[in-house]
Structure formats: C-alpha cells, structure tokens
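For reference, the structures are reproduced in the following blocks.
One chain, chain A, links the two complexes that follow: it is found with chain B in the first and with chain C in the second.
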Partner chain A sequence: MSLPALSLYVFLFLVPVLNNLRYALTKWDGIEEPVFVGLDNFKKLATDDDLATKVLGNNIEFMFWVVIFQTGFALLFATYLVRNTRTTLFFRTLFFFPTILSSVSVAMIWLFLYDPNYGAINTTFKKIGLDSFALNWLGSEDSALYAIIFVQVWFHTGQMMVIYIAGLQQIPAELYEAANVDGASRWQQFKSVTWPMALPTSAVVVAYTTIQSFRAFDLVYATTQGGPNNETSILTTMIFQTAFNEFRFGYAASQSIIMVIMIFLITGLQKRILRTRY
Partner chain B sequence: MIYKASRWLGLTIFSMLIVIPTAIVVLGTFKTDLEIYDSPMALPLNWTLDNYRRLLDDGEILTNFKNSVFVTSLSVLITLILASMVSFAIARMMNVTGKVLFVLFSLGLAIPGQVNIIPIYLLFNDLGLTNTYHGLIAVNVVATLPISVFILTSFFKEIPNEMYEVASIDGATHFKVYRSIALPLSKPALGATSIFLFVICWNDLLFPLLLITESAKKTLPLALLDYRGEYATSFSMIFTAVLVASVPMVIMYLAMQKSFVAGLTAGAVKG
Partner chain C sequence: MKTKGSNSFSVRRISAAAAIAFALVATLLPSATAAGEVFGKACKEEGANTGTSSTSLVCKEDSKGKLTWQRVRLGSAYGAPVAALRAPKGSIEFHHWRGAEDGKVFDQIIALFEERNPGAKIKQVTMPSGDYTNLGYSKIRTNNKAAVFATFRGSQFVQFAKGDMMTNLSAERFTRQNVIATGLTAGQYEGKQLGIPLHYLFNNPVYNTEIFAKEKWDLPKNFTGLLAWCKTAKSAGYTPLAWSGGFRPNAGQMLNSMLMNSAPDYATLQKRIEDIDTGKADLQSAWFKDMAGRYKKMADAGCFPENATGVTDAAAINLFATGKSPVIPTGSFQMGAIKTVNPAMTGKMQLFSLITTDEKPQYVGIQNNTFILSVNKNASATDQKIARAFISFMVTGEIASIYANGTSQHVNVLNATYTNQDLVNTSVWQSKKTLLAPRFLWLNQGVRDLMEDALIAIVGGKPIDATLEDYSKQIKQKLG
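Moving on, here comes the complex of A and B:
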C-alpha cells in the first residue's frame, strides 16, 4: 500500500537530494559535461563570494525581525482574543484572512501601496504635508528589506495568532484565578502565567516562522526579485538566480546545501534555547 | 483601563491594516487608474466593469484559471490518496519497515523542497516533463506528501486498534480495512489536510515558475507576474487579476472558516 507514494517520493525527492549533493561538487552549465571540482564551490562560497555573504546576512536579518515581530504580535493579539465571543471571532477571522492569499497577490497589493509615485502610502503622506516620509520603499537600499519584512509579518501574523490562541486556551483557568486572588496585575499575570505556560507553543511558532523566512521565495521574487542591488535577496532567490539566470548549476547546488545546513543549525539552536527555559 | 485602551487600539490598527488594502483592491477593480492613484480609498465615481471586460478580452485569465483548478484539484486528490494509504500502512505496521518509512517521509519535512529545484529542473528537462501538467502535479504531490503523511499518520494512530481488529477477524484484507474503516473514520482529518493542500497548491509560485514557460499552461500566480510586466503601472488591471485569482479561496474561507483555520494550523503545528 505504500509503494505508489514511496516510489514517487524516492524518484522525485530522495534521488534529487542525492543528485544535488553530487552536482554541488561540480562546475556545470547544464549543457556540457559537468566537471568534478571537489569542494571548490564550498571554498569559494565561504571565502570569496561577497554576494553570498551579503545574502546570508539579509536572510538572517529577515528571519530575525520576522521572528521577533510576528511572534510578538501573534502572542499579543492572541491574549487579546483568547476568549470565544462574537467580537473575538470576528477579529480572528479578519486577522487570519491574509494567510489564504497567494504570495503573488500579496506582493501585487503592496507593490501598489509602496509605489513611490502613485502608491497609497506616499500620496497619503504628501496630502497631509509629510513629504519627507514619502520614501521609495521598495526601491531604496535603506528601506527595501524592512518593507518586505513588514509585508511578511502582515501576511502571517494571523496564522501564528491562531496557533497561540489554541495554546493559551489550554492554560488552566485556576492559574489566572489564583493570580487574581493574589492581586496580580495584567502584566504580572502575563509574565508569570501566560508566558511560561505558552513556551511550548512559542517553540512551535518560532520554529515555523524561521523555516517560513527561509522559504519566502515567492514574496521576494514577486516584489523585488532580490533588488535593489541584492539588498532584499535571500538564499532561495539567490539560488534561483545562480541556477537559472547565470546557469551555474553546480555552484547553485552548493548554495542550496548551505541553506539546508543553516536551517538545521538555526532551528537546532532555537530548540536548545527554548528547552533550557522550560 | 490602560489594558482595555491598548487592546482596542491594537485590534483597530491591525484591522485597518487588513481592511484598507482589501478595500483598495476591491474598489480599484471598478475604477480607472487615475482614480486609484488620486483617491484609492474613495468609492468609484462611475462603477464600471471595463477592467473585467478588458481582462477577459485580451488576457488569458480564464485559461490560467482553468489550469489552476485542474492542477490544484488533481494534486490535492492524488496526494490525499497516496498519503492516506502510506499513513495507514505506517500506523498499522508496528515493525521496522513502518518506522523506516516514517523516518524517510519525516526527512522531507526537515529538508524544504526548494532545495531540490536544480535537480528537479534538470531531471524534468531530460525527461521532457517541463510544460506538462502531469509533471507539475507530480512535483506538487511529492512536495506535499511529507506533511500529509505526518498529519494523517498521527490521526490513524488515534483510531483504537479494536476497530481495525474486528474487521481483520472478519477476514477483510488490508485494503478493505483501509477503505471501509480507516477512511470513513478519518473524514475530519482528510478534510483539514485537503484544505491545507489546496491553499498551498493554489498559491504556489516556485514550481510553476520553474517548470512552466508556455503562457497557455501557466497557473494563476505565474500569470499574475506576467500581468505585472504587461500592464506595468496599470494597477486597475492588476487588482482585477488579483481579485479573480483570490476569489475561490475567499469564498471557501468564508464558507468554511473553521475547517480552514483548523487545516492551516494543523499543517503548521504538525510540520
């Protein structure tokens, strides 16, 4: 019974993973015979590739801010909306809504809002006389990455909020009652009940958000394609470009292996940090 | 007091951040470009369907729409069938084979499918599978198999063993137990998984971008990218295309909110 799934999976996942390892050891334009170069690709990546270093930095910065803001806002809104009432259900439905859109649709919406000349953000600033706030959001090297971080957080906070709500609803009500009897303020209740009790949920949210940040290809590709001057390029868009714009398949394969290693390292590190806190 | 005020302030701000862009897009589909640029939030001066007419006339949006429906529904259906079969086998096999299978599929959760774009592209090129629906569907199925196996296996394991045993005693084959006991009992799990898969496949850009270049075969997200190039700064046309591409999801979401939220979070939590 497992044969159909297994054969497809082996043929289109496991074998490609192994092939990828093989390609990473070659110099190959995809047309002529690949030339075996050993670990040269990895050496070049580590020591002599400013672009890759910059892109790795971008990806880590992207991940860092998205994890902080998305987790923070998701937890905040979850505490606001944890009880089941008509009002909270309405807000939950609304906040979750962006999750169902495609990255490309989201990209198109924000391309308009961020547009330097016609966009709603800049025309609003200009109307109320704040011309100096009207930036070239996606076009300038200073703001582009942050503009995309904002969109990513806007896009997925609702989904993480729902996970938090499910987690918070598991916390026994007696803990809050006890805290109330002791005269604890809202902030103290949050600090000594909600936060520690929600740590396992936080671990899930942080891990998922981290992997999401490495997979944000669609959003970045549809908004800036990594520009301006590679300021918003993340690992996946760089791999795509190396392979399909520059036709350096071997080198791109080695980049994608570095990406897997990065994901393993970072999610492993996070697990350690969150586990010591339990 | 402060808590209440901050609560309403926070909820209002995030609501506006979602409602305003949505309103701009929906209203924009009935406006001219100039109106969108001048007053994006205002109601249209003259409600017009010109954008829709133009999109239907000179775009291939209906073709793209059909492609998306075809590719997505077949991908979801095949994934569900294959994943439920393998999950049933894993859940029922308490031996080494079951464990090995589970580990193999878990590997696909740990390694994102995006890592494989190069070998997949080269393989599909060799086999002449680029620009084919079955190629794209196969890739979709493989990309979503691990998460589906993960969700469904944990569900099948929750079904009490006695349920299976009763049937086995009656002499039912493995397949019969799967079909007449496991599947009917797991309707909720299958439903949640299918919604999750539907959203992923309908919205995916990477694999169509990698494998489809013929415009008549493009799916909606890929076609949207083309519209952006074609209509450059004509946001009225882009908004109309965005709306057409999003409408099926929005309708499904509003009709089955609970299953949607459950499905999409199950994918995240279990993943």
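Moving on, here comes the complex of A and C:
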C-alpha cells in the first residue's frame, strides 16, 4: 500500500538529496563530467570565500529581524483580532491581503515605492520636510537589506497572524475569566495566560518564519538581485548565482548543504529557547 | 551525364540571373517609403537607409557631390535570398527573452507561419532577460520541445555551444543567402554556424533629438565635451544620462562605449578583457583603473541621476521617455520600450556617440549582432524541421521587415525594408565606424557581474582604489 508513496519519496526527494551530496564533492560546470574533488568545496567555503561569509551574515541578520518583527507584529495583531466580529474580520482580511500576492508582484510594487527620486516614500518624506529620511533605499549598502526586511515582514505578517489567531482561539475562556476574577490587568493576562498558552503556536511561527527567511529568494532576486555589493545577498540567491550564473554546480551544491545545516541548527536552537514541543 | 557539381552550378547561375533581373526591375520602379525618402531626392544624413532590399534607399553622395537617396547595394556572396522552408506538422516551443518587447509581433509572425504551414504550431515561451541569462540553459536543456531558441552573444551562446545544444546551420541556403554575411560571426563556434544572429543593434546611448534642438546643444565630440555637456544639461534641469545603476544588465550597456576607445586596437582590448576574465589580470590594472576614473569624472560632472545606484530600468526608461533626461545610455534595443511608454517619442530618437577620449576616437559607436536563433539538437527530427523552417521564415525579407518595423530593431537580414522612422533615422550608424560590443567578450558571467558592480559602486561614490581592490579580491576568490 505504501509502495507508491515510498517510490515518490525516493525519486522526488531522496535521490535529488543524495545527488546533491554527491555533486558537493565534485567540480562540475553542469555540462562536462563532474570531477571528484573530495571536501575541497567545503574547505574553500570555510577558508577562502569572503562572499559566502558575508552572505551568511546577511542571512542571519535578515532572519533575526524578520523573526523578531514578523512574530511580534503577528502576535500583536492576533491578540487584538482574536474575537470574531465584523471589524476584526475586516482587519484580518486587510492584514492577510499581502500574503495572497505573488512575491514578484510585491517586489515590483515596492520597487516603485522605494524609487529614490520618484517613489512615493521619498516624495512623502520630502513633502513633509523630512528630507533626511529620503534615502536611496535599495541602492545604498546601508539601507538595502533593511528595506527588504521591511517588505518581507509586510508580506508575511498576515499569514503568521492567522496561525496565531487559530492558536489563541484554542485557549480556554475560563482561564481569562479566572484571571479577571483575580483582578489581573490586560498585560498580566497576556504575560500569564496568553503567552504561555501560545508558546506551541509561537514555536511553529518562529520555525516557519526562520525557514521562510532562508528561502526569501524571489523577493530579494526581484528587487535587488543581491546588490548593491552583495549587501542583500542571502544564501539562496548566492546558491542560485553560483549554479546558474557561474555554472559552478558542485560548489553550489556544497553551499546548499551548509544552508540546510544552518536551518537545522537555528531551528533547533529556537526550539530549545522556547522550551516547548511541537 | 551531368555531374552534381555542374547541376549545382546551373542552379547558381539561374539564381544569380534571377537576382540581377529582380534588382534591375526593382531599380527602375519608382520607390518612396512611408517616411518620405524618395529615390534621387536630397537627403541629410549620409548612410541613412531604408533597409537591405534591392529597392531600399541609402543616403549617399551622388556624382555631383550632393547627398541623395540612392539604391542599396548590399548582398550575400552566395546568390539571391531564398524562400522559407516548408514545415511539417507538429508543435514546438520558441524560447526567448523579449516577450515584453516583441511578444505581440512574434504572435503576428507565428500566426503567419502557421497559416502558411498548416499543421505546424509554435508556442512562445519567454522570460525576462536576467532570468533567461541564468535559467535559459537549464530550461531548454531539459525540454526537447524547445526546438527553437534565442541566445545572447557571448557567454550564453558559448555555454549552449559547449553543451552541444545547437544543430549546425552552416550548409543551409538561408544562412548563406538571406543573412548579411558579416553579421553571421556572432553565431559561429569552432567553425560551425550554430545560430543566426537576427538583430543588428547598436549598444550606443539613445538621445532625444527634440530636446537637443530645443536647447541648441551640439553633440559632444570628446570626453571634455561630454563632461561639459553633462554640466550644461544638469544646470538646465535635466538628468543628463538616464542610467539605471540599480539594474546591472542595462547599467552595464554603457560599458561598451566606455571600452570602445580605451585600447590602441581591438586585439589589445580583447586581450585585456580576457586577462581579467580568466584571472591573469585584475581590476587594479592601469587600463581598467583609468576607465573607472572616467566613470568617476562623469559622476562628478553630474552625468548620472541622483541616487544613481537605486535607479531601476523602468525608472530610467521613464526619465528618458518623459523628457526629463535627454540621453539613455543603453542602446537601440530600448527604442520600442520607450515608445510604448510615450508614443510621441516616435521619430525623435537618434544614437549618441559616447566618446570617452580627448584623442581622435577610433570608433564612434557600438554594434552588436545578437538574438541568435538556433535549432535545439535534442529536439526530435520533426521538431527540428519545424524549427529550421521557422528560422528560415524569420530571415526572409518579408518577415524580417515585419519584425524590424514592429519592434524598432534593425535586422541582420537581406531584403528587409524599414518603414519605421526610428529605424531609418538610426540606420546611418550601419555605415559608421562601430565596434562589435566588447562587453560580451567577458565569457564568465560571474566575473562580468562583479566588474560591473565595481563600476556601479564607483558611480555611487565609493573610492576607486578601495573598490577595485575589494572587487579584484572577490573575482580572485571566485576564479580560485
């Protein structure tokens, strides 16, 4: 009975993964026969690739801010919109709306908004006399990564908010009633009831957001292609560039293995911090 | 008994006689294009022409020394152009990157092809140019239905050739007789004609003739003049060059002009580029540093937009199309997109010679033969036949004219007639001293990207020495 499912798993997942492991040990341009080089690709990645180090740093920074803000805003919105009323339904729809857009459309919209000379953001800042806030958002090494982080948070907060709402609605109402009877303030209710009860949901949200941050290829690629000076490059864009732009498929395979290890390590660490079980 | 050779000789003689007869008849017919060019009448710009057919006109000096419209004398060494091949029944895909620019014209051409070849079907599959550069190879390699496809001259064409993805078109009559012979080189690899470069384009900046006339500006003739013009244009409220520093593929187009007079001769230039491409030299070499310095001088003179490194391609096109910028430093290939944004730009565009030397320039512009059409070697025999027939169809004068006029692209095909005013106006560049676009001599895309990023960073205000050192290190690590 399980043979078809197992076959699919083997051919669509296991074989490609094993192939990737094999290619990571080769020098291969995607055209000629791969040449076995042992662990050279990993050695180069660790010792002689400043770009890879920089990109890893970018990705960790990207993930850090996205996890903080996306999770924070999602929980905040969910707390206020947890009850089912017409107003909350309207706001849930509004906040969820960006999620249904394609990432390329989102990138195009924000490219226009971020345009340094004619974009709505800078035009607004200039109109209200805040010229110093009008930055070269995506063209400057100082602001480009943060500009994309903002878009990523805007794009996915609604999705995480929905997960939180589902989680918060499972919290028994009696707990809040008991807290009310004990005279707990809203903040105390949040600290002592909502947050502990929402921890399992938070674990899912944080893990999902982390993985999403490592996979934010399309948004980065469509906005900056990793520029300026690779300041917005993340692991997925670097792997793509290495494989499809430079035709170093073996090296790209080794980079992708490092990325998977990073995701495992970080989500494991998060799980430990949240001290919960999925 | 007739030999094969004598048979073929007779065919050639008949073809030649037919071509001469056709040319004679065509020459005797009165001709005038829609744009008003009339045989024998005075014209203004030497070299301007209305196409590559025997009825086309070219502006050149007559026996009295006056510029008049005369017949074009372009030709293939192998005889008159031939008709398109017949396609068998079946369906194939045509992969290319010019969906936004040429998609509708290709729809029209494909409809004609299908009408004349009942049972043959072609589906266009397009990607933006950046994605096509990166993903084109793997998408086509794994799709045998992609029987006909286009490649960029340079690294992408070489990649497909190395991957043994293209059939040899050397022996095809349409290759030898329908295409301008000098334009075939870009589609050759190791002595084989693996593709037909359809485009004959100019990677020169394009300028707005109306603004130049209104402001009474002369075209700068040297680097000092260029810097002075930038200052004048900026003080008049314009963004001198609508340069898209936020979009590397088009920001890099200006590199062609920056390179064209940077070496004593083409061979030296080629050698210098190859040395950087392969790691024998780095960006800190005196030659490259000098060119980077010219970018810096242009930036200091106000040639580029404010916040240049954040200007996208769409923003640059808008700057130019709306008259905020008099020059867009990309190439003739963008004229169609510009007219889409502002149709009133029709007939107001001309190519700009971006001279970055104060000595006598060797070249005044850049020419490129690209959009190289090939037949996928991995496609089935029937699909290859359809693909071959489609390419032969594209290089007939009739279809090439539809394509050229519909997309504002000069074509590398004989018997094409230009009725598009912008094509006629800019055709004068076909007779000027132009260099085959040197940017595409970089065959390692990763190295080229880093090199172009370094120049973008310098325009953005980064110090030259530190930037070139930083990017040289990145290139070294990439090649190591």
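Here is the rule we use: the second predicted complex is superposed on the first by the 264 of 278 C-alpha atoms of A that agree within 3 Å, B and C clash if a C-alpha of one lies under 4 Å from a C-alpha of the other, contacts with A are read in each partner's own complex, and residues count from 1 in each chain.
What we mean here is this: contacts are C-beta pairs under 8 Å (C-beta built on N, C-alpha and C of every residue); 3 or more make two chains touch, one makes a residue touch a chain.
Computed from a prediction, not measured in an experiment: that's the story for all the values here.
Colleague: With everything superposed onto chain A, say whether chain B and chain C fit together or clash.
Modeller: Clash - chain B and chain C, as placed by superposing on chain A, overlap.
Colleague: Contact-wise, after the overlay, does A:Ser102 reach chain B, chain C, both or neither (first, second, both, neither)?
Modeller: A:Ser102 contacts chain B only, not chain C.
Colleague: Which holds for A:Phe217: it touches chain B only (first), chain C only (second), both, or neither?
Modeller: The first partner, chain B, only.
Colleague: Of the partners chain B and chain C, which touch A:Met259 in the superposed model: first, second, both, neither?
Modeller: Touch partner of A:Met259: chain B, not chain C.
Colleague: After lining up the shared chain so the two structures overlap, which partner does A:Val82 touch, if you call chain B first and chain C second: first, second, both or neither?
Modeller: neither
Colleague: By the touch definition at the top of the document, which applies to A:Gln241: first (chain B), second (chain C), both, or neither?
Modeller: So A:Gln241 only meets chain C here.
Colleague: Could you say whether A:Asn136 touches chain B, chain C, both of them, or neither, answering first, second, both or neither?
Modeller: second
Colleague: Which partner reaches more residues of chain A, chain B or chain C?
Modeller: B
Colleague: Which partner chains sit in contact with A:Val37 here, chain B, chain C, both or neither? Use first/second/both/neither.
Modeller: neither
Colleague: Thinking of the overlay built on chain A, is A:Gly227 touched by chain B (first), by chain C (second), by both, or by neither?
Modeller: second
Colleague: Where does A:Leu51 make contact in the superposed view: on chain B (first), on chain C (second), on both, or on neither?
Modeller: Second partner only.
Colleague: So which positions on chain A get touched by both chain B and chain C?
Modeller: Touching chain B in the first complex and chain C in the second, residues 30, 111-112, 115, 118, 240, 244 of chain A appear in both lists.
Colleague: Where on chain A is chain B touching in the complex?
Modeller: Going through chain A, the ones touching chain B are 1-2, 4-6, 8-9, 12-17, 19-20, 23, 30, 73, 76-77, 80-81, 91-105, 108-113, 115, 118, 120, 123, 154, 157, 159-160, 162-163, 166, 186, 204, 208, 211, 214-215, 217-218, 221-222, 236, 239-240, 243-244, 249, 252-253, 256-257, 259-260, 263-264.
Colleague: What part of chain A is in contact with chain C in the complex they form?
Modeller: 30-32, 44, 48-51, 111-112, 114-118, 136-140, 224-225, 227-230, 240-242, 244-248
Colleague: For the complex, which residues does chain C have touching chain A?
Modeller: Residue positions touching the partner: 130, 133-135, 137-138, 159, 162-163, 245-246, 248, 305-312, 314-315, 318, 444-446, 449, 453, 456-457, 460, 473-474, 477-478, 480.
Colleague: Would you tell me which residues of chain B are touching chain A in their complex?
Modeller: Residue list for chain B touching chain A: 3, 7, 10-11, 14-15, 17-22, 24-25, 36-38, 40-41, 82-83, 85-86, 88-90, 101, 104-105, 107-108, 110-123, 138-139, 141-142, 145, 149, 174-175, 178, 199, 202-206, 209-210, 220-222, 224-225, 228, 233, 235, 238-239, 241-242, 245-246, 249-250, 253, 257, 260-261, 264-265, 268-269, 271.
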